[in-house]
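If you scroll down you'll find the structure; I have some questions about it.
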Amino acid sequence: MSTDFLYGIEVIINGLMAGVLYALVALGFVLIFKASGIFNYAQGVMALFAALTLVGIMEGQVPFSHLINAVFGADIHHFGWHVPALLAIALTVILMIGFAWAVQHFVFRHLVGQEPIILFMATIGLAYFLEGIGDLMWGSDIKTLALGLPQGGSRWVEDITAGLGGDDFYGFFIDKLDMLATLVAAVLVAGLIVFAQYTKQGRAMRAVADDHQAALSVGISLNFIWVLVWSLAGMVALVAGVMWGAKSGVQFSLSLIALKALPVLMLGGFTSIPGAIVGGLIIGVGEKLFEYTIGAPFLGGATENWFAYMLALIFLVFRPQGLFGEKIIERV
Amino acid sequence: ELVIPDLSYRTGPYAAGGTPFSDGYQDYFNLLNARDGGIGGEVVRILECETGYNTEKGVECYESTKGEGALIYQPLSTGITYQLIPKATADNIPMHTLGYGRTSAANGEVFNWVFNYPANYWDAASVAVNYLLDENGDDLDGKKIALVYHNSAYGKEPIRTLEALSEMHGFELTQLAVDHPGQEQKSQWLQIRRERPDYVIMWGWGVMNQVAVQEAANIGFPMENFIGNWWAGAEHDVTPAGMAADGYKSLNMNRVQDYPVLDEIKTLVHDAGNAAGDGSNLGSVLYVRGMYTAMLAADAIAKAQEIHGVSDVTPPMVRDGLEALEMTNARMAELGMEGIGPEFSASCQNHGGSGQGLVQQWNAADGVWVPLTDFIAPDDSVIDPLIAEDSAAFAAENGITPGCL
Amino acid sequence: MLYREAGDFKTSYHADSQTFPIRFDRIGFWVIMVIAFLVIPFMINDYWANAIFVPFLIYAIAAIGLNILTGYCGQVSLGTGGFMAVGAYACYKLMTGFPDVSIVIHIVLAGGITAVVGAAFGLPSLRIKGFYLAVATLAAQFFLVWLFNKVAWFYNYSASGQINAPERFVAEVAVTGPNTAPAAQYLICLVFLTFCALIARNLTRGTIGRSWMAIRDMDIAAEIIGVNPLRAKLTAFAVSSFFVGIAGALFFSVYLGAVEVGEAFGIQKSFLVLFMIIIGGLGSIFGSLAGAAFLVLLPVALKVVGVNVLGWPTDLVAHLQLVIVGGLIMFFLIKEPHGLAQIWRLTKEKLRLWPFPY
Amino acid sequence: MDMRNITLRFGGVEAIKDISFDIREGEIRAIIGPNGAGKSSMLNVISGFYHPQDGKVWFRGEKRPPMKPYQVARLGIARTFQNIALFEGMSVLDNVMTGRLTHMKTNMFWQALWMGRAEAEEVANREIVEQIIDFLEIQAIRKTPVGRLPYGLKKRVELARALAAEPKLLLLDEPMAGMNVEEKEDMSRFILDVNDEFGTTIALIEHDMGVVMDISDRVVVMDYGRKIGDGTPDEVRGNQEVIDAYLGVAHE
Amino acid sequence: MLDSAKTETLLEVNNIEVIYNHVILVLKGVSLNVPKGGITALLGGNGAGKTTTLKAISNLLHSERGTVTKGSIQYRGARVQDLSPEALVKMGVIQVMEGRHCFEHLTVEENLMTGAYTRNDGAGAVSADLDMVYTYFPRLKERRKSQAGYTSGGEQQMCAIGRALMSRPETILLDEPSMGLAPQLVEEIFTIVKNLNEQEGVSFLLAEQNTNVALRFAHQGYILESGRVVMEGPAKELRENPDVKEFYLGMSDEGRKSFRDVRSYRRRKRWLA
């Protein structure tokens, strides 16, 4: 097999893995959109916030220490203890549920029945708010996640595949973290699909998405459903934050991963959980392959960002609701 | 009273870099106030203004501080620098953009009010190549060097220089652009893995650095062959990758080591409760750079006071001081920071300094950057014509007749 | 009674469809115009111009543009930053390519070029709707920014990829470049804003505006009663981009003087302008102005209070600013989802009933 | 208008099965049938929103090529909708003015200027619209946003919008659903007047047999996509199949 | 026929006022009583405030920016104004909204199942009720697997009513059930209402335009005009009232008029200014 071809395959495999990482972020979007028609721009910031919180708890940081120091002239930073990872994760999850409740109670409860764009705007407001709170609470420096996640290419894959090509083929490179992410994503998606399609709460969630008023009228508690999905989305955000934060450290830019998830979402359909995964895979492979074959050699590179959107756009022209999105009902 | 604005950014995507720099910048002036009662008897008043690395906020900061009698601007952002160059020039306020901003501002005859010593990006590219030449017995012929750069004006700065140098020394240059913010660099590093360049040079900033270091480690690229520029070589760039980052190198224009002045800052500023930040950055790479920048500004002000014989100097006087600045080893030692930067002396023609930089290496076990070399000189024969060309173009476009003030 | 509407009868359809049907509003409008044109220019200084007025005027133009597309025609766009970049780069190329032509013409042409680009990116809107379209417009945003960054021709092959506005004059007075007086900066933006607002007002009250709104409210029904959706959507994209392009050109040439595309016209800009129209009020020209004013003033005001008055550290204030801006956005949406313009309308309705509570 | 052998399918569902009928110039033609019979779908075929798999639509003696809905509207076919489809964000006046879109021609440049042509056109059309508003007695709510109106008034505004287009053929989908008798009487009067005064041909779907039998000239009865009856109200009333499928017990 | 004086009052609405958007006053003091086990009709012209009244009871006003500013609403003697809609459903009060409001993307069957959301009496009981709904509305059974958004208007109406039945309510607030239904079906639906009422003891409050049918099936009625109750009484009496006859039943002394003949006749008479 020619080396170029093998490298092409390597690019595809890595594209698939990158796609899974995008999908992790997209999943959170899908959950909330499905249940409330809210396009939650804050999903990226939620990932940041969750990851910040996890690190902060693990390291025993005093929340809001900066603010406290500034206002009261104190000088406190750490409690001086370290929380074990699992306990910290549990605490973070509890905090995210609290966050979900607060979001619901203080914001979206009051916006029931508003147009989608208004809800969307509110989530942008939420994103700003949460970003500011995250900074105030845990500081804006870069933090290192010490969860002991695997890092680096898998030697094993590299060794057994090295024989496939000639001398200038070094075997496939697959990141161990990406493999873990794939596993996690698979479990998450399977769980969420079962939840949405086959449980009473899942059905109620889809009903709420269609018509808030009607859902209320049959006795579905919007509050409960929304706290539920925001909590789920918060947990998905935590997973995404951890996976992405393992690469880059936990820092502000983590919130920008939302932008990588949008084309995925669009391609897979805003309402489809499997769509998020399939969309992620297509986008991941598509953008990597384009960069490999056309972008880097001919266009000077760095084409991935816009190409992902263009790819999604082209798909949409043929399927306006995305690959797996619910059909847009057009009737008069 | 001397008013020094500090256009800092402690928020947003680049906060991790902006914060220590600003801490160092302010702490040094605080030290001067605490120890010497300011500069030449005049107390320094710092006006901090948060830009968030955002150009519009930068303009707002400039406008709101300039009325207070700001003496010198250092915006720590190439974008803001570009906006401020014409404004500051029109307002007759000097700017100092150390190791960033508009490279051709080194030509003081065109950019009368802008100073970018001790070195600029083109110097940096040349220093990196000179270092590699040195490592390879002055021969880079047939070597492969990859440039991983932030796909923005900043990241594209070294390209021309490196292209010229690759022609000169016969190395093969591969350019790999990374789009902002740089969270996803799989394609670029897979390409590096395929092509196995001998060296990778990186022009990165923000999250791009952390991810690049991690990805380089992931593909098993030898860290000692990976060199970042001086905005890609601070502690926070390497710590997220943990031990895997050990051996990563970067350029620097200010040597990081224990200086007596740091102890003074600790006792006179931090312990007195006047630290600009939370005090945790003392002695870090960017903190030292901020402090070094402040030192240059303070010395220029002192020089201005000396030239004009008044203590309450005006911005144009400070400009004169900046232009007459002379940094010698003796002076730096006197200030308690021996060897912090290269020796240079400014002049009307030369606002860019000597262009020297050094290479430092990350020691992950101890968590410190270790200077590896002395200050290395760039190849002026390559850079000077480029500067002359670019500044001439600017002069032509804006109808400036080059000359001294 | 301050505000009276009663007794203000219209005797012709002409009178009924004028911009300010109520005398009280009309007087208010002229007072504001007199202040804007004849008073402020004499009082303005660098700080007020650069920190507040010029950005406000320019953002107001962009907001009107986006409001036409999103507020009137219902097509949510997140590509505003990219389209502003088109305006800026078109203006730059025209300024440097034809230095003898008046900058005013350049700016209008820049708007025209942006209109063409905008219409091209509007084509998918025929098939793609709602948030799918919003996300699709991001393709324009990222692609345009990448393009201006990558193709050196756009920035005249300058080493840094930045573009700088050369000095240009209108009636012998510098309006771009370092020596521009704040009043000149202010006035040229004000003139453009006035024209844009007038055009926008005229377009939205007539046939074309109604076909936009019909598409917005129910596109299928609109098509069945005879609105050509292709035409309506593309004109909305074009007109909207025209304004946005003008805003981009002014933003670059008059306000900042130098820009780097990724930084000045990044996605944040798209969101900012969208914020403006939502806070101000979708489908309202007054709302565009109000929203722009609000979002330009708020951060400055918060900064002044936090740093200058309270003396808190700047970073703390910046973080709090995020919290407050975010919180206020949510608060506003909860209190009045239809923006400042609606608050204004309801206030008028209440005033009309005054002194009775309802 | 002549519909010949129309068949319309949605996936597996055959909404209309090989139906032919005609609408004569100047008459009031009613379409009735149980729920889900395909009546609305038939109107959608006429207004070009659905494209039948089979069959031809003839209009004014010519075969109509496949057209987009807005092109159909320009031929002079206007309609109202079963689930009110007003433009909620606009005032009543603007809604009715949208009905005149097919008659307004000034280009964008003049509209941007407003003075002159655009204004003249606006005023001229406004006069026509005001007549219709007067005719339907909705003067008082001219400036109200339609979102706030009660159901019955919305229906009336919808009728006004359709009338504003001065259509040759007016399609009404359950114009009187959700009205009480008095309002139905009003509505019937409007429909009859339109028919009388402007000679507009009207096709209407309605479930209130009283209304249908009283005001229509001829009636088509559909059931599950099939046509089961066609004729004058009296003929249809007597048709046993129609009674079984639709009318049930004799109506009060 | 039930006599309201003798039976227990289930739902009591006391002089309520409703304001939309803080400025539009819609209900200007409406009071009504719904007796247990009765069918109460709420009649009135367009915009009289029927829907608003029902929504005020079921607490759905909130999301339309409407608020009850005065008066009280009591269910089984307890104040229910501040309860959430789902709490009311749990208490047994469910509303079928005007204009159908089916969940478009759910299938017909899923729509019906959402009606059972608040129930926890086991899957068996729920599926039994599902069968019951299907026997009432065989047409729904045929279309059970299609998305509700693609069903015809009448089918959606059946779906909405069926959905409400699935919650095993004690009281149903029905908003214009006959709208858009074929005459046969209208009869059927009202027969179902009657059956439910008589066999299962479900109480109904129904807002209707179709006065004729409504008064035939209801026990008592209220007539609403511009936000006020202008007339109330047992259905039989209302049917005999000459004004009601003329304006709501379309019958004058000479009997029913043809719609062709009403022409431009008379202006409306109002009870209240």
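Each chain carries a letter (A, B, C, D and E) given by its place in the written order, and its residues are counted from 1.
Here is the rule we go by: a residue touches a chain if its C-beta (ideal position, glycine included) is under 8 Å from a C-beta of that chain, and two chains touch if they have at least 3 such contacts.
Note that the structure is predicted; figures quoted are calculated from it, not measured.
Under the contact definition, chain A and chain B share the contacting chains C. The most distant chain from chain E is B, comparing centres defined as mean Cα coordinates.
When every chain is reduced to the mean of its CA atoms, the largest separation from chain D belongs to B. Each of A-C and C-E has its own count of C-beta contacts, and the greater count is at A-C. Inter-chain centre distance (chain C to chain D, centres taken as mean C-alpha positions): 40 Å. Chain geometry summary: the mean Cα position of chain D and that of chain E are 28 Å apart. Centroids of chain B and chain C (each the mean of its C-alpha atoms) stand 37 Å apart.
Computed from the mean C-alpha positions, the centre of chain B lies at a distance of 74 Å from the centre of chain E. Shared interface positions of chain E, i.e. residues touching 2 or more other chains, are given as 24, 150.
Each of the following residues of chain A touches two or more other chains: 66, 135, 140, 300, 302, 305, 331-332.
Taken residue by residue, chain C touches two or more other chains at 146, 150, 220-221, 224, 313, 315, 319, 322, whereas all remaining positions touch fewer. Remark: chain A residues 7, 10-11, 14-15, 18, 66, 69, 77, 135, 140-142, 144-145, 151-153, 170, 173, 175, 244, 247-249, 251-254, 256-257, 260, 288, 291-292, 295-296, 300-302, 304-305 touch chain B in the complex. Touching chain D in their complex are the following residues of chain E: 20, 24, 43-48, 98-99, 139, 143, 146, 150-155, 157-158, 176, 179-187, 209-212, 247-250, 256, 258-260, 262-264, 268. Of all residues in chain E, those touching chain A in their complex are 58, 60, 62-64, 84-86, 88-90, 94-97, 101-106, 110-111, 113-115, 117-118, 147, 149-150, 160, 163-164, 167. Against chain E, the residues of chain C that register as touching in their complex are 346, 349-350, 353, 358. Interface residues of chain C facing chain A in the complex, by the touch rule stated above, are 70, 76, 124, 127-132, 134-136, 138-139, 142-143, 145-146, 150, 220-221, 224, 267, 271, 274-275, 278, 282, 312-313, 315-316, 319-330, 333-334, 337.
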